[in-house]
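Okay, so chain A shows up in both of these, paired with chain B first and chain C after.
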Partner chain A sequence: MVENLLDIRNLKTYFNVRGAVLKAVDDVSLTIKAGQTLGLVGESACGKSVTAASIMGLIPMPPGRIAGGEIFFDGIDILKLPEFKMRKIRGKKISMIFQEPMTSLNPVFTVGDQVAEVIRLHEKLSRKEVRGRVIASFRLVGIPAPESRVNDYPHQMSGGMRQRVMIAMALACYPKLMIADEPTTALDVTIQAQILELMNKLKAETGASILFITHDLGVIAEMAQKVVVMYAGKVMEAADVNDLFGDPKHPYTIGLLSSIPVLGTGKKQKRLSTIAGVVPSLFRLPEGCLFNERCTVAQADCSRIEPPMRDLGNGHIVCCHRCN
Partner chain B sequence: MLSSVQLTSSPLVEVRNLVKHFPITGGVFLREVASVKAVDGVDLAIGEGETVGLVGESGCGKSTLGRLILRLEEPTNGEILFRGESIVGYDNKKMRALRKEMQIIFQDPFSSLNPRKNVAHIVGEPLYVHGMTNRREREGRVLELLEVVGLKQEHMRRYPHQFSGGQRQRIGVARALALNPKLIICDEAVSALDVSIQAQVINLLEDLQDEFGLTYLFISHALSVVQHISDRVAVMYLGKIVETAESGSLYREPLHPYSQALLSAAPVPDPRRMRERIVLPGDVPSPINPPPGCRFHTRCLYVDKVCREQEPVLREIREDHFAACFFAGSLGAKRAVTVSS
Partner chain C sequence: MRNPEDRHPFFDQIEKLFKNKTGLAGLIIITLFAMAAIFAPAISPHNPIENALYDQLKPPVWEEGGAAKNLLGTDDLGRDILSRLIYGARVSLTLGVVSVGLALTLGTLLGALAGYYKGWLDNLIMRFMDIILAFPHILLAIVIVAYLGPGLRNAMIAIGIINIPRFARIVRASVMDEFGKDYVTAAKAVGASDRRVIFNAILPNCLAPMIVQASLGFGAAILDAAGLSFLGLGAQPPIPEWGAMIAEGRAMILRAWWVMTFPGIAILLGVLGFNLLGDGLRDALDPRLRD
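On to the complex of A and B.
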């Protein structure tokens, strides 16, 4: 048993678009231990979802390509695996929960059939056994009356129930790693609370690791043990969840945390602090540090030299010239 | 500050027992077979210069309420008063004149701007419609507006696809400001934006309010944003307002069980702040057949016999703090009983 269930080293996923090379994921390294939840946060187009798709082997090629790096899953570099072997891992050992429970289920099959498909693909079981497993997984994710709900079509279910079906599908083969890409973004807060509670319960029961991708720092604080902050395709900061929220080092992380209004702090805040400017386009990335144009503490070297990854101890990694 | 506004002047906008049912038709003759009770008896007053936040989950009727106030939808029943005058019976001509005073900012900055028109046209259109037909004059005003919302002169000839989400929302704000309105309805105006950009737009809205004395109805599902921007907050559930109070009071001490659950369910970006989270069972019932009695009783932790039979009305529990629950204000005691039994 290797220490890190997932070990991504210097992953580079590039896309060729209109004659330019877009570095959607550029030199990203991260590790997830068995039974751990890693939160991957960042704003739109920072490379969170492309990282997930790279792990699953779902990057459309062309225009995309893995330009470098390794992804070790359970000690094996899955980027080097041929497709027929990857197919055995995908859905069985690594599964994925997508953002949109409305569009990621097929409307012309019953939800039971769709969960059964995953099980039939990976395991040799009789029809009856498959049905039993589907019902068991529905029960696990808290769908009431699973025996009859397996015959429902997606449109007969509410958003929260559909997301439970997606989770049941992801769990059907007892995966070691679940990748959840914005699993609660499309849901209402009270339903979100149900789903987050469910995911934590299932993680404790099955011992699976979770890669939790979201832009919502509040959700990350409640779910993750370790957090990686991405910006324009690169990792800016990675740390234990308490360190990241309690003692953020990177100016971008600090800016993000102070620009969200915090619920129930008692008195009304005067003004929100903001990060000036906008997220740079991948077509026109700045020289040096990617964040230098919006940074409040940038100095001359920031716009010339790309900062190295610095380890501040206790697994707290930061990519900034100004952090020591 | 707020109560003085209410005492000294009549509210800018007031709705009384407002109802909107959308018919569902069926059969050969398209008879009405049922109706979606989107807004079902709402009373709300917005004082001049005030920001009222309207929160609730999807399908609770908060956007419909906003659209009803602008008369983008015709109410099924009830009164809408603007400066004390009922506007429900207004014909198109009178309504058009009134629309100068009330504007809306939409949620999605990607679909609410016409991709074929440039910024000068988009922001200038309300000016043209309301009689500023001289092009030079109009573009001068557009330029002023762009400066107010933090855009530059060179942006005038550009098209929506050339802007980022935050910039597009600024264009939406400029368009809403064009006619010097009194009231702006912000329907999820910052929900589609990234956090760092969201803060910029929220600050902009607050600055504009100070500068032009605007009144906002701020509709959102993001509780923390509503808390930040609002003077007063109303919580909606299935077409009804279940609680309304001054913002600080509501967030400090929510009195309705739904507001309590909503606030406790919202994630807070602080891993060390351990809170007791109330996880509500089940889903929001369909607004086609809302439950009898209290509409929240199917998910309520404190449900009692009376809740299933009678509908609670909004009543003042604390000073300027209203809740529509039979047990509001004494839920703590009731909880102890429920837990022990």
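On to the complex of A and C.
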């Protein structure tokens, strides 16, 4: 057993678009230990989902390509695996939960069939055993009356139920790593809380690691032990969840945290602070530090020299000239 | 919302098809033709290829000079028109099944490959389809039959080939449409191979347009075959093929209208039936249209 279940080293995923090279993921490194939940946070289009797709080997090539780096899963560099071997890992050892439960299920098959398909792809079991496993997994994710629900079509289920089906599908072969790409973004808040609670419970039961992708810091606080903050394809800060929320170092992280509204203090609320400007287009990235144009503490060198990754101890890594 | 009892959704679809009036009408016509084809030896009053030299060109029973022995009259060789029509259903349905089967299989395969892999393969396949489409339909069939030699079997092959593009195009378009959807990515993410993604995940979602196209194709195939037979390139005498019957009766239209009118009506009803059935099936089979 390797210490880190997932170890991404200097991953570079580039896309060739209209003659330009878009560095969707640029030099990203992160590790997940067995049984750990890592939260990957960032604004839209910062490379979170591309990182996930790179791990799954689902980057459309062309236009995409892995320009460099390694992804070690359980000690094996999965970027070097041929497609037929990668297929055995997908769904079996690494599974994925998608953002849109409404469209991620195939509309013409019953949900039971779709979960059964995953099991049949990876394990040789009789029809009856497969059905038993499907019903068991439905029960595990808290779908009521699983024996009859397996015969439902996706359109007969609500969004929350569908996301439970997606989770059942992701769990069907007891994976070591689950990648959850904004699994609760499309759900309303009460259902969101139920799904998060369910995922925490299942993680405790199965011992799976989770790579949890979201732009919602509140969700991260609830789910993750470790947090990686991404911005424009790069890692800005990585730390344990307590360090990150208690003692954020990077101006971007600080900005994100102060943009969360605080309710119920009784006093007249201050105007909610925001981060000025917008995420730079990948077509025109700024020189030096990617965040310098929006940064409140930027100085001259920030717009010239790219800041190095600094280890502040206790696994707290930050990419900023101003943090020491 | 939910099925009260644990019955297979297939039955819901059948029920829905029965509730749809046009679909039901098509289904009834096709069923009648299919029954005629299956039980032809039992229900046809005469042998369809037996000449009766004393009963030449008898009019239908309701015309003056008609007799109950030949309900729809006889042709110039004294063969019973009704019997020939009943056996003709056999020929036409077989022909439809074989040629649509051929076109559907090859067209689906080519269309799915083109739509899924895109790029040069797509260009290669679809430009080839364009070449087929550039020729007038029946002309190309004539060329193919001329090359293979006249006969029912070669006519089926020719009609199959000229109908490949219609399926390839529709399947390609549907596959491209489905390709970007999340469930396709999800299917890949659980470790399905390209083949499985295409055939087990995407194609079932393209079924509705394929079914409509297949039933329209069925009608078109019957029509094309009748055309080829009319030109003497399809069914050879004495096979009771509807198109061939029209050709044989053509010379006598003024003397004996019934010889070519009834096969014409049979073709019309057959084509109409398949078109109506196709529409009904589309409404019934697509789960997205279900309530």
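Just so we're on the same page, the second predicted complex is superposed on the first by the 319 of 324 C-alpha atoms of A that agree within 3 Å, B and C clash if a C-alpha of one lies under 4 Å from a C-alpha of the other, contacts with A are read in each partner's own complex, and residues count from 1 in each chain.
Note that in this section contacts are C-beta pairs under 8 Å (C-beta built on N, C-alpha and C of every residue); 3 or more make two chains touch, one makes a residue touch a chain.
As the structure is a prediction and not an experimental result, all values here were calculated from the model.
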- request: Please indicate which partner A:222 is in contact with in the superposed arrangement: first for chain B, second for chain C, both, or neither.
  value: first
- request: Give one of first, second, both or neither to describe whether A:274 is in contact with chain B, with chain C, with both, or with none.
  value: first
- request: Quick one: name whichever of chain B and chain C touches more residues of chain A.
  value: B
Message: Does any part of chain A touch chain B in one structure and chain C in the other, and if so which residues?
response: none
Statement: Contacts from chain B onto chain A in the complex sit at residues 57-58, 164-167, 194-200, 202-203, 206, 221, 223-225, 227-228, 247-248, 251-252, 261-272, 277, 279-280, 283-284
Statement: So, in the complex, the side of chain C touching chain A is made of residues 1-3, 6, 9, 181-183, 185-193, 196, 200-201, 204-205, 207, 287-288, 290
Field: chain A to chain C touching residues, read off their complex
entry: 56, 58, 84, 87-92, 95-96, 98, 100, 103-110, 117-118, 121-122, 148, 151-153, 155-156, 166, 169
Statement: Residue set of chain A touching chain B in the complex reads 43-44, 158, 160-161, 188-194, 196-197, 215-222, 241-242, 245-246, 255-257, 259-264, 266-269, 271-275, 278-279
